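Take a look at these structures.
Presented sequentially are two complexes of chain A, the first with chain B as partner and the second with chain C.
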Partner chain A sequence: MSLWQLAWRRFVRDPVGVASAAVVLAFTALAAASALGWIARDWSSEVAVSYAPPPFMKEELLGEEMRETASSAALPDYGIQDPIAKELAEVRASLTEMAKGEARAGSLVFGADKWGRDVLKKAIKGTETSLLVGFAAAALATLLGTLFGAFAGYHGSWVDDFFNWLYSVFTSIPYLLLVLAVAAVLGQKGILTVVLILGLTGWTGIFRLVRAEYLKHRVREYVLAADAVGASNARRMFAHILPNVSHVVLVQLSLHVVLFIKSEVILSFLGFGVGVDTVSWGTMLAEAPSELILGMWWQIAAATLFMALAVTAFSLFTDAARDALDPRLQ
Partner chain B sequence: MSNYLIRRLWQFIPTLLGVVLLVFFLFNWVGGDPAYLLAGKIASPELIENIRRSLGIDQPYWVQLWIFVKQVATADFGVSWSTNERVSQIFATRLGPSLTVLLPLLVISTVIALGAAMLVAYYRGSLTDRGIMIACTVGQSVSILVYILLLQYWLAYQLGWFPVQGWGSTLGENLLRYAALPILVGVIVSLAPDIRLYRSFFLDEIGQDYVRTARAKGLGEGRVVWLHVLRNAAIPITTNVMMQIPGLLAGAFLIERFFSIPGIGREVILAVERSDFPVIKAVTVYVAIATMIVNLLADLTYRALDPRVQLK
Partner chain C sequence: MSLLSVRDLRIAFRKTRAVNAVSFDIPEHSTVALVGESGSGKSVTALSILGLLPPNASCTGEILYNGRNLLQARPRELRALRGAEISMIFQEPMSSLNPVFSVGFQIGESLREHLGLSRPAVRRRTLELLDEVGISDPQRKIDSHPFQLSGGEQQRAMIAMAIACEPKLLIADEPTSALDVTVQKQILELIAALQQRRRMSMLFITHDLSLVRSVAERVIVMKDGEIREEGPARQVFSAPRDAYTRLLLDARPSLDQRRVPSPRAEETVVLEARGLAKSFDGIPAVKGASFTLAKGRTLGLVGESGSGKTTLGLMVTRLHQPTGGELRFHGQDARTVAPLAFKRKVQIVFQNPYASLNPRFSIGATLTEPMRLHGIGADEAERRALATELLAKVGLSADALNRYPHEFSGGQRQRIAIARALTLRPELLICDEAVSALDVSIQAQLLNLLQELQDETGMSYLFISHDLAVVKRMADEVMVMKDGEIVERGASEEIYADPKHPYTRALLASVPR
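Up next, the complex of A and B:
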């Protein structure tokens, strides 16, 4: 039986692993459906009234609003004629007409934001952005880390020295500081920028592990045998050794998806992340401080719920995959 | 020992040179021409030419690199592009507030995390262990932003137990009044990852032979756990705590930003927002130097903690 078959058997015996894998798959499907435009395509259309609450909050808030209008109508005008009363009446009339044409909803499942956009749709679209950034950046970082690690560990000598030097340079700057410095230099927003920032700075951990694996494997008998039958260096590195260390690489890939999703949220929150025409969990949280003060908690709740579910599932899935692929660790 | 020290300090040079090259490459090459940035929206060619000359950007790259190396060597990064404050002055005034929050945060969170980790490691596999581990995984999955936002809203804005934000002028006032909530938030956020990590360190030790021996000769459980296991797990724990320091210095920027603490982290965010390159360059280089020194100190602490460790 191959390593993968054994690992699969161990994996399906772990109920937590299977459940988390199901949630991860569900989120991936959600993101894919959103990317293909099947759902949440119209996330930016203003479908509800500003700050429309979730249905169970509706009664409470409406009561407050009515009280407010009643008190403002009771304001005395001391017999002075309002000079712009006529104009105001016109504006009001045209506003109600506009509102009639659009017929905005009074409440939505997850409520609405300041502009009346559906928070649920924003959260789904944000899932697409966050997963896309997480996967793409993790793929880039894993590619770099694996390539560097393979060359350093396999060739040794000055190649190893060079990559170790690069590693010590990158790790002597704290990760988030490096990310911010690159963000400051690039100075432009967008999904591609975030992927580049995170991917180009986040390869160091993978490099160290892959290098250690290659150091271990390059003197093993199967590699020496491959050398004896005349396999080239590249063939030994990537056709012989790589499949034998791929479980390490895969676990790291999964681990970094989580790390980069979290980093993207922080970058976007600070305004150095995805552009203004894109929604991510980070940009949703960025709207939260001013909303919280007004008592509108549903946007932060939706973003937190989606993110917590996705990240927890991913973390548990990573743990389960590591246990299944490398049973010695248990 | 002195040989070891000299060799380690000698090794700083290539790494520091690498950091300088990396920062130079980022800011002078990738970053493009800062003269347009500095000149503002309406810029005459003469103005841009002047700025370029004063910054030395009209010189070839190797001269610019030499200017930067001299800046690092003399610790003089000039003035901030946006406030004209001297960069060294910015550091001198921002370090205090950062440390006021960070040192208590580090001590409190380490002590609590060690206690909790020992508890769950001791009762490994029990309901307590699994419960706390699941709580840690879920707790870690929520963004640090959410913790800050909600705790600030709930404890400061709604209940009024703490000031929402701000900073005073005396150390006592800052520590007891303004830094209390930021420290609390920091402790809560760092608990989950710390407990998970320390638990794995303790688990490595708790199954060892010396623990069985200690029990066999009749030592109490408290003595076994808090003296024997803790002392043997001290090396990875010390490394972890020390390694956190430089990262925290710049990494606490979210806390500093939300609570308006005039520390280094907030300065980094402001500098990134304003494209204030001298400040970011200086922070990056200084924090890199601090990281290298802390790494060396961690290795020396090993030696003090465990005489078996040979420093080569």
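Up next, the complex of A and C:
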């Protein structure tokens, strides 16, 4: 039985790991279904009245709204004639004509935002964006970190010096400042930009760990034995050592997915993230401050709930995977 | 009356039983040796006496110390006993000492803890202890850190720590196994002398039966968690009753054993080294080694740790590039031979069977890789057939191909490593401490296997070891290395019968008989 099969056996024995893996899988399936256009395709259509509340909030809020309309009707015009009154009446008439076709809902499960968009669908679409950014950026960072670390740790001498210099440059700049600088350089907004920002700045931790593993493994006897039978440098690096450090790489990959999901939220909240035509948990949170003043709490609640669930499940899954994969814990 | 008596001790880890119904006594003022190979349960037994077993171990039976059952003692009572009444010496002095504290501080710790002495008193007592365990210049060494001491001095410091509070029982768990053979003898004599002088009882644990002959009054032989034989040392050595004890006694190659010399029919020189040298950052590891090795012959290379013997072996395989001298293979300068072609002719078997096989490769992949790299065998099926043949040759069955290294024991793994070296049908095989990590009974089997393979294929061996008896068993010619230099070289018979160099004489004198 190979070490992978043994690791799998240990993993399925851990109930927390299995449960968190199920949640992670469910989120991934949700994001995939949304990406394929099966659900939440029409997240941007305005299906409800502005700030439509969740069903159980409906009664108390409707009362308030009625009072508001009553008071606005009694506005005095001090005898001044409105010069565009005629045009306005026409516009109002055409708008009501259009609105007749689509009846706007008064309430939705998770409520609606300012433009009457369904918060639940926004959160699902946001899941797609956030997971996509998290996975893609983590894959990029892990690839860079592993490659750099492998070369630096295996070859040593000036190769190691070069990558260490690069590492020092990247880590000497405060993280958020570096991210904002790259964002400013790349200029345009979008998912790809965010992936590049996070991937290009986030490889340093993985590099350090993989380099240390390679330093440790390159002098091991099995690598020396591979050299003795004539295996090339590339073969020793990637066919012999890499499978033996892959548990470190996999755990780092998983850890960085969590980290980058959170980073994307922060970036989008600050306005450096995805564009206005895209929704993510971060853009949802960015809308929240002004809503909270008005007492509309459902959008921040939905985004927080989704994010907390996904991040917690992913972290627990990472812990379980580390326990299962780490050969020292056997 | 006995100081410690163990009654029906059973220890299990989860479902695996480590120790099964073990009973023995340690009388006052005497030494009892507990002998067994790896996995026999000897160390676990020792740890259970001090209550140092990991929490997942379940332990039943009785361990009576002065009539008190230690298995039922509270943690606080055990702490009061440890170090004061019962103390322990471990195998690895380098990892048993804390590297950030001075040696004097660490020895003084138990004096402060258990006896509550004042600072000047602790220092005075520590100096006396260092002197007693034979550390020269204690005034200076007391403030040294562990890395500033040699391996032997570190073990002496550990012993000083163990006897600081004048314990009644000293448990020594493989106290000399990590040390060089010359140091081993000194430490052994020191422990025996201390036991006599301080009238302690001692439980001496070792895998090497020949070591205890001179120290122990009683010997207990353990295997698979059970006691196989127990009796006075003289009787166990002269008339062992159990078959396993006899096997242990016979398996160990002794210096009196003679090897059937290889036939000297042809004298083709396979390898010739002239002034081979290697230095790391200007520090010489090997200073000009010269020797020749003929076809079908075995050259033994003996030396203690740090003598440069492994570096020399790696230079011969060209895994390390020499910084000076010349290596000729069949008369041709080795530097002019293409690396891949050279590797096909010269192979190596490493010391540690647990580290030399890639844990993520199945045995099949491990064995077919060299063949694939060198274009041996037309396709994968043929290579697997060849691999199966080789496995049979080293005494393993074909179903090993689809299994992984962790499923095999140390001896089996070393057989696999030998099979891997044989895939290329080399002319020269370098065995770098190839049997040193194995239990004696397994060691004997592997030495026989290597001998058979040589008779069959006519390979030459460069046999590197710290163990003089093993080298004597294998080699036609012997080189002795010290501090990077070959101090003596000659036919095996002559060197063992009449050593010329004082260092060789010292080495031979330290071998336990």
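Following the convention adopted for this analysis, the second predicted complex is superposed on the first by the 299 of 330 C-alpha atoms of A that agree within 3 Å, B and C clash if a C-alpha of one lies under 4 Å from a C-alpha of the other, contacts with A are read in each partner's own complex, and residues count from 1 in each chain.
Here, contacts are C-beta pairs under 8 Å (C-beta built on N, C-alpha and C of every residue); 3 or more make two chains touch, one makes a residue touch a chain.
Computed from a predicted model, the values in this text were never measured in an experiment.
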Practice item. Judging by the criteria at the top, classify the pair chain B and chain C on chain A as clash or fit. Key: fit
Check your understanding: So, does A:Leu88 touch the first partner chain B, the second partner chain C, both, or neither?
Key -> neither
Review point. Which partner, chain B or chain C, is in contact with more residues of chain A?
Key: B
Exercise for review: Pick one for A:Val18: touches chain B only (first), chain C only (second), both, or neither.
Suggested key: neither
Exercise for review: Determine, under the contact definition given at the top, whether A:Ile293 touches first (chain B), second (chain C), both, or neither.
Suggested key: first
Point to revise | C-alpha centroid angle, chain C to chain B via chain A, nearest 10° | key: 70
Exercise for review: Answer with first, second, both or neither: which of chain B and chain C does A:Leu192 touch in the superposed model?
Suggested key: neither
Review point. Is A:Leu166 in contact with chain B, with chain C, with both, or with neither (first, second, both, neither)?
Key: first
Review point. If you stack the two complexes on chain A, which partner ends up touching A:Ala32: first (chain B), second (chain C), both, or neither?
Key: neither
Practice item. Check whether A:Ser2 is in contact with chain B, with chain C, with both or with neither, and answer first, second, both or neither. Key: second
Exercise for review: Tell me which partner A:Ala225 touches in the superposition: chain B (first), chain C (second), both or neither.
Suggested key: second
**Study point:** Distance in angstrom between the closest Cα atoms of chain C and chain B, superposition on A
**Key:** 5
Point to revise | chain B/chain C common contact set on chain A | key: none
Revision key, fill the gap. Given the complex, residues on chain A that touch chain C span 1-3, 220-222, 224-231, 240, 243-244, 327
Review point. Okay, in this complex, where on chain B does chain A touch?
Key: 14-15, 18-19, 21-23, 26-27, 30-31, 137-138, 140-146, 149-150, 153, 157, 246-247, 249-251, 253-254, 268-269, 271-273, 275, 277, 280, 283-284, 287-288, 291-292
Exercise for review: Using the touch definition up top, name the residues of chain A that touch chain B in the complex.
Suggested key: 165-166, 168-178, 180-187, 262, 265-266, 269-272, 281-282, 285, 288-289, 292-293, 300, 304, 307-312, 315-316
Study note, to complete from the structure: chain A partner, complex, touching residues on chain C are 314, 317, 319, 339-340, 343-344, 347-348, 350-352, 355-362, 369-370, 373-374, 403-404, 406-407, 417, 420-421, 423-424
